[in-house]
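Next come two complexes, and both contain chain A; in the first it sits with chain B, in the second with chain C.
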Partner chain A sequence: MKKYIAALASVALLATAPLGLGGYEISVLLMILFYVILALGLDLVTGYCGQFSFATGAFYGIGAYTAAIMNRDLGTSIWLHLPAGAIVAGSFGLMLGIPALRLTGHFLAIVTIAFQTIMYLAISQWTSFTGGQVGLSLRGTDPLRIFGIELFELGTLKSYYWMTLAVTASCVLIAWRLVNSRLGREWIAIRDDETLASAVGLNTTFGKLTAFVAYAALAGIAGVLTAHSLRGVTPDDFTIWISATVVAMMVLGGRGTFVGPIIGAILLALLPEFLGRYAEYKMVIYGVVLVVGMTFVPEGLVGRFRRSTAR
Partner chain B sequence: MDLLLQYLANGIVTGSTYVLVAVGLTLIFGILGVVNFAHGEFYMIGGYAGILAINVMHLAVLPAILLVLAVAACVGLGAEVILHRPMKNRDATSSIVSSFGLAVALQNAALIVMGPQPQRLNLDASKMPLLSDLPTEIGPVFLPHQRMLIPLTTVVLIAALYVVLRYTWTGRSLRAMAQHATVARLCGVHVERVALVTFATGAALAGIAGMLMSSVFLVYPIVGNMIALKAFTVVILGGMGNVAGAAGAGILLGVIESLTSAYISNSMRDIVGFVIVIGVLLLRPNGLFGKAVERS
Partner chain C sequence: MSGTILEMRRIAKRFGGVTAVNGATLAVGTGQIVGLIGPNGSGKSTMVNLVSGEFLPDEGEISFNSEVVTRLPSYRRARLGMARSFQLLRLFNSLSVEDNLVLANHMRMNTGFVDSVLSRKNARLEEATARTRARELLSWFDLQELASQPVAALSIGQQRMVEIARGMMSQPSLFVLDEPAAGLSPPNVDRLIDLVRRLRDEFGISILLVEHVMRVVRDLCDHVVVLDAGQKIAEGRPEDVVSDPVVVEAYIGSGWKRRAQA
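Up next is the complex of A and B:
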């Protein structure tokens, strides 16, 4: 019960936040929401299902470029891009999940890094389709219309923020339902002992593939939201350093916990704002967070907190 | 035909650097079980150390090589303390995340200190004793001294490594660790020292590769990303932990890349290796020459 009240309170707080904030603060909040989706998605596949992935940036980029390319060629709006981005990124997730069936640990990590690199090379060099290094720009976001009646308009930053908050809250809810379903427990079983999981009759193939697809689809949704928020996409927004940032968020907060990656995303996304003129050091700090976190608190902040309160 | 020979020679030159980087990587994995994603950063640091030694301090080639070896070996010792020592009693996957973090930190530190612009090492290998006597044209193949230095150094270093591994006590303890860590420890192998030696050797080899390549290509803060991926490709093709396999696969990858960029398309050059490695892993999940893992 406490959990639901806390969740509702934080959504309510976030929903009323823009009323008292300026444009810059709202963009920071938007960025935090994108990272919450990314870190939570990665937690599904790495934290719960135990499969490494350093390709978050690639799926994020696939979602963003799906939105940008559909917007350019078909003139569609964000309401179609959200499901489309999730589906396209999810299909690529399935593609990456297939090698994951046979690979574990370091081999899988290498394949995901290779996938991330190939994706980056593809979007930065296939100029006729993706705009190359220059990237693509998106037209302004259309209001939501049903039968010609305008339900919700997204022209302003605040309304875009509320829409993003609603989408993020739905993603968190979906992830929460997945983790607490039979499927989520299958993921945990695969992480803890794959041989045992298949020996008691679990379909580990299905389990791993669904984890990869859920992860990729969530990253794709974050990509669509980001593309529309920035009104454009460039390849350098979707490098391996995005993947590194998201891994750092998950590790800092706590792998395999639900609130951990959310807290990690909030902390590390806010960090550059507090660094001021030292903001250029943020990637160095993320790297150090990964090393120090993995060495001294491998279970993450939330995991450490739970262990100390459990005693 | 003449062009083909030239492409083969170019492939062997780049392949030699892959060998230098990959042999260190495969040693660290084979002996310590650490998957070092920060290995490309040893290459990057070697490149910048070379620039410091030659462009700034104006050292001759041989002292410069020694300086780079020393700097890279020290970085390797530091990496051992960060990546291996605290993780010894944990499962192997812990080092994946922490070495990835170390790579990100080192790359971005280099970006702040050295700036993003690529730099060239002004190495004039044609004035080196011994080397300057060699002809730069062998039949139809043209190979400047700068490039010639790369495979020659690789052969010398790999031969030296082989002799050390085969005939010295340090080498024997390294091989013992690779075969069975617990039994090696029981027989009195000094595990801490083996770990330090392994990391220092791996880093020194990668550092030399970085220095030699920076006189032909350029060095920049994120150069290690691509090199590390190439080295992983080579290590997987050669079998994780297999030094001779890595040497063969490194040359092979260099030649394949050179032929791809010559006959197919230059933009496919960097992708072809990954395609091969994903294909190999799909068919043989333990690598081309890898042993099957024991089932629990």
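Up next is the complex of A and C:
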């Protein structure tokens, strides 16, 4: 019960936030929401299911480019891009999940880095399809219409923020239901002991693939939201640096704790805003956070907090 | 005796150049407790992993409940009614005792994952049924107070019991116990012997028991198979097998006779 009240209060707070904020602050909030979805997704596959991935940036990019390319070639709007981005990224997640069936630990991590690199090369070099290094731009976002009736207008930054907040809240809710379902319990079982999971009759192949698909689909949704928010995509928005940043967010907050990665995303996305002219060193700081966090607080902030209150 | 539940015929398993199991044959009759013994390195653990499907044999055939399972992965064999415990205790360490049991029941659930994610009524009901069954089973094992404890907080003896309870949760027809007495104190060994016998009598399951503690083998087994260097060297009633000169030689070497004569 306390959890639901806290969740509702945060959504209410975030929903009223833009009323008192300027354009720049709202853009920062938007970026935080994108990172929340990314960190949440990574927590499903790594925190809950125990499968390492450094390919978050790739799935994020697949979602974003799905939106940009559909917009260019078909003239479609964000309402179609959201499910399409989730499906396309989810399919690539399935593809990456297949080697994950045979590889564990460091070897899997290396394969995901390779996948990330290949995707980056593909979107930056396949100029005729992706626009190459220059990227693609998106037209302004259409209002939400059902049977020709305009329900929701997305032309302003504020309305776009509210839509993004609603999508993020839905993603959080879906992820919450996933980890608290039978499937989530099987993910934890696979993380704890895969041999045992199989010995008690769990289809670990299915478990791992679903975790990869859920992770990739969430990153795809974040990509669609980002593409429309920035009104364009370039390959350099979806590099391995994004992947590393999201890993740092998840580790700092606490793997497999659900709220941990959300808090980690908020903290590390806000950090550059407070660094002022030192913001260009943020990757160095993320690196230090990762090393120090892994060494001294491997269970993350939320994990440590829960352990100390449990005693 | 009504037939055979598990049959392994001329099984061979090689790891690189090492032949761990070399043409061994083993059968467990329905309702029997069959012991598998042998000196260290004789291939017992490999045999257990071949039964459960963790390893697939290079040669030979395994049938379970008159179905050929030689190439089936372990989760499929579990679904056919095979449960196992591990020589080195294995539990899902970040979960509670009850959740450990419920996971062993997942494969018997009829509602899909989507129902569970959406928290539909049929999924909630099935989950509640599984939890009730887990609690009943824990009471049978006298572990009901520990249901909500994280397994990591339990003693080794308790964890061992939870492991067996987890196996029973999957409603097996064959339970493979891999050195269940390892690391137990003498009074706990007595309790284990009593428990395994009651498991067979009350649930009507068959048991393949790999064990080093001879007292357990003598007290429980209807039939014993002795393995040495990956081959079956003897089998029979426990009291006959332990006095068989071939078995004695495998265990303590042929030197003892000469030394005894000197």
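Following the convention adopted for this analysis, the second predicted complex is superposed on the first by the 311 of 311 C-alpha atoms of A that agree within 3 Å, B and C clash if a C-alpha of one lies under 4 Å from a C-alpha of the other, contacts with A are read in each partner's own complex, and residues count from 1 in each chain.
As a convention for this text, a residue touches a chain if its C-beta (ideal position, glycine included) is under 8 Å from a C-beta of that chain, and two chains touch if they have at least 3 such contacts.
None of these values were measured; they are calculated from a predicted model.
Of the two partner chains, chain B is the only one that A:240 touches; chain C does not reach it. After overlaying the two complexes on the shared chain, residue contacts for A:52 are found with chain B alone; chain C is out of touch. Once the two structures are superposed, chain B and chain C can be ranked by residues of chain A touched, with B on top. Of the two partner chains placed by the overlay, chain B and chain C both lie in contact with A:195. Once the two complexes are overlaid on the shared chain, A:178 sits against chain C while remaining clear of chain B. In the superposition on chain A, A:251 contacts chain B only, with no contact to chain C. Applying the stated contact rule after C-alpha superposition, one finds that A:291 touches chain B and leaves chain C untouched.
Contacts of A:203 after superposition on the shared chain: chain C is touched, whereas chain B is not. Within the superposed three-chain model, A:113 lies in touch with chain B and out of touch with chain C [touch as defined at top].
In the superposed model, A:215 makes contact with neither chain B nor chain C. Put simply, chain A uses residues 195 to touch chain B in one complex and chain C in the other.
Contact residues on chain B toward chain A in their complex (touch as defined above): 29, 35, 37, 82-83, 86-87, 90, 92-94, 96-98, 100-109, 111-112, 225-226, 229, 232-233, 236, 240, 267, 270-271, 274, 277-278, 281-282, 285-287, 295-296. For chain A in complex with chain C, the touching residues are 174, 177-178, 181-183, 185-186, 188-189, 191-193, 195-204, 210, 256. Residues of chain C that touch chain A in their complex: 52, 54, 73-75, 78-79, 83-84, 86, 90-95, 99, 102-104, 106-107, 109, 113, 116-119, 123, 127, 166, 170. Of all residues in chain A, those touching chain B in their complex are 52, 54, 98-99, 102-103, 105-107, 109-111, 113-115, 117-118, 121, 125, 195, 240-241, 244, 247-248, 251, 280-281, 283-284, 286-291, 293-296, 298.
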